[in-house]
Amino acid sequence: MSTSDGWLAAALVPLLALVPVLWRIAYGSPKDRLIGQNLTSLLAGLVLLLAARGFHRTSYNDVALVVSVLGPTGTLIYARFLDVLPDSRLVRWTALAGVPATVLPLCVATGPGRAMVKLLLIGALLIAGSVVTSGRGGKGGVTA
Amino acid sequence: MTAVLEVLVWWAALTGIWLVLISTVDPLELLVGSASALAAAMLARAGRRAVADR
Amino acid sequence: MTDVLIVVALLLVAGAATAAVLNRDPVRQALVLSFLGLTLALLFTFLQAPDVALSQLAVGSAVTPLMILLTVRKVRRRPGSGGDGADKPAGRER
Amino acid sequence: MSSRVRLWVFLVGAAGFAALFAAACFDLPAFGTVPHPYGVRAVHAALSHHTANVIASVNFDLRAFDTLGEESILFSAVIGTVVLLRQARDEHRKDPEPATVHPPVRRFALLTLPFALLVGLYVIAHGQVSPGGGFQGGVVTATALHLLYIAADYRALERVRPLTLYEIGEAAGEAAYVITGFAAVLAGSAFLTNVLPFGTLATLSSGGTAMVLNAAVGLEVTSGIVVLLARFLDQAVEIEDPGEDDGSPRHTGGGGGNGDDEREPA
Amino acid sequence: MTVLPYLVAGWIFLIGVYGLVTSRDLIHAVGCLAVTQSSTYVLLLAVGYRNGGTAPVFADAPTNSRVVDPVVQALALTDIVVGATVTALLLALVVQLRKRHGTVDPDALSELKG
């Protein structure tokens, strides 16, 4: 197994984690669905980062960048319309544990440079987005 | 005065981020980057004001 | 290894598409649709099409759901009329 | 046709389609093996025009005329939506109610707003270099603007979104595309021929007219999506039907409808 | 694996059309149409894929690398964005229908017409 296969195998972990998330989104309560949507964009971001490394294409990181920007936006839109922004320890801890566990090895493999700063930026955005959208006592807003 | 300062800070930060996003630096890239950063900086200020005094 | 990723992504997409159709309420469907959009983006990346993935991502994660949710809000707003109200506001026609 | 009959008609048709489609699938060249004569030629053509992103080259150079068609569909779809969702004579507008947003969400949205806009512009600008381009970046840019709706409410968004400007922007994008095409005619070639100098591969100035057309599409898509979402937001938030009561819009909807189970006490 | 992507595309198409046929809510039907649309993207990209190929974007790859087909990608790419605006047009039609006839149930609408 080559190193690029290793990265792709690592990408399989968050990808497979999407299967139970789909179940949650399809059958859960509104709260569960919103948590699921939040978790989806976070996991998708991680998959994309790992896959970019596995395919040896730094330009694929742009897709992860867009996920990290638009994912929380989508979650907040739903929160606004469903009027809940559920407190989710699952999302928070997935972000706080999963993102560093993904981004730091990637940074080591990339080596210092602009690409590394970009990776750190994407990681920071993913964490910030997830923490804000899974915060305690949050509400999407009363009316619009 | 504060307005200029606010936009300037945003502009500097965003130009820095642009430089991180791109892969090769050349003059045209810098020009486009600083112009985009300026637009985004103005929007940042306009957005903050629109939210602050409604 | 790429093949494994593609197969998993394909199955996820198929599952998400089925769930999107079987969720009859538009709001629920919008959530499943954005999941479908994200998994499609992943599949496209594995199929070496990052351009298409970006396109799908941009459209699927925020714009389409927002439009569906806004339509739902508009359509459900009127008082005293609901799903099967064929007979109710008939006088509204011009 | 009753829904039962319709379902049966569908099932018969679906069975036929499934059989034919499956047969066709097994006759297709196996996944991932087939040679791609067009693809190989497109790659050659793109590289000879110094465009690193072959997909952008196909869209804005090799098949630029086709993209003009696509862009026109987009343009007309936006116009159609604007016409359908305009304010009717018997409807009245009310001011959108101000919303109170959870402070961390507001701060996050306000901080992400300029960054998301920058990312959108980055994706547009690098269409001919890295994955991205006017279509994708345009949607990201337009979405970025709506972070202000999330940060506060529709009123705040309306303050920084001069809609007329975006309506003009949409038309200007479409016009710029056509004018670039005719500029090639004036230069003595066919419509939409790539007549500008090609530049250096993988830099911002590469690709000749592909770069210009990409920017035109970026402008049009950004403005188009902003206009679209503005119309939907107007309808959902501001415009009221004649018979509508003035109560809170949120809880009045869907009497016997299928959506009230959606809401949980938060 | 050799036919799975094609079959998945076919499945997405069929399930989308099934949703359209049995839909009792036009907004739901528009969503199903979006699902049906996505089957074409899956089919196109599956046809364009080459084993061991990479994306035909040469900013960070040597120009002699083995690449997948760019033409189908270009087709899918524009259609996704244009498709979104067409979805918007359909949703606008739904809003109008609701205004005129007070319902978004297609069956009730055909009864109205008589």
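By letter and in written order, the chains are A, B, C, D and E; residue numbering begins at 1 in each of them.
As a working rule, contacts are C-beta pairs under 8 Å (C-beta built on N, C-alpha and C of every residue); 3 or more make two chains touch, one makes a residue touch a chain.
Keep in mind that what you see is a predicted model, and the values were worked out from it rather than measured.
Shared contacts of chain A and chain C, meaning chains that touch the two of them, come down to D, E.
The chain pair with more C-beta contacts between its two chains, of C-E and B-D, is C-E. Once the centre of each chain is set as its mean CA position, chain A and chain D turn out to be 23 Å apart. Chain D and chain E have CA centres that are 14 Å apart.
We define each chain's centre as the mean of its Cα atoms; on that basis chain B and chain C are separated by 34 Å.
Within chain D, the positions touching two or more other chains are listed as 53, 55, 115, 119, 123, 129-133, 135-136, 139-140, 143, 146-147, 153, 202, 225, 228, 232, 235, 241, 249, 258, 262.
Across the assembly, chain A contributes 55, 57-60, 62-63, 65-66, 70, 73, 77, 82 as residues in contact with two or more other chains. For chain B, residues that reach two or more other chains under the stated contact definition are 17, 21-23. Working note: touching chain pairs come out as A-B, A-C, A-D, A-E, B-D, C-D, C-E, D-E.
Those residues of chain B that touch chain A in the shared complex are 17, 19-23.
Chain E meets chain D in the complex at residues 1-7, 10, 14, 17-18, 21-22, 25, 46-51, 53, 55-60, 63, 67-71, 73-74, 77-82, 84-86, 88-89, 91-93, 95-96, 99, 107. Across the complex, chain E meets chain C through its residues 1, 4-5, 8, 11-12, 15-16, 18-19, 23-25, 27-28, 30-32, 34-35, 38-39, 41-42, 45-46, 48-49, 53-55, 57, 67-68, 73-74, 76-77, 80-81, 83-84, 87-88, 91, 94-95, 98-105, 108-109, 111-112. Considering their complex, residues 10, 14, 17-18, 21-24, 26, 28-29, 32, 36-37, 39-41, 43-44, 46-48, 50-51, 54 of chain B touch chain D.
Of all residues in chain A, those touching chain B in their complex are 58-59, 65, 114-115, 117-118, 121.
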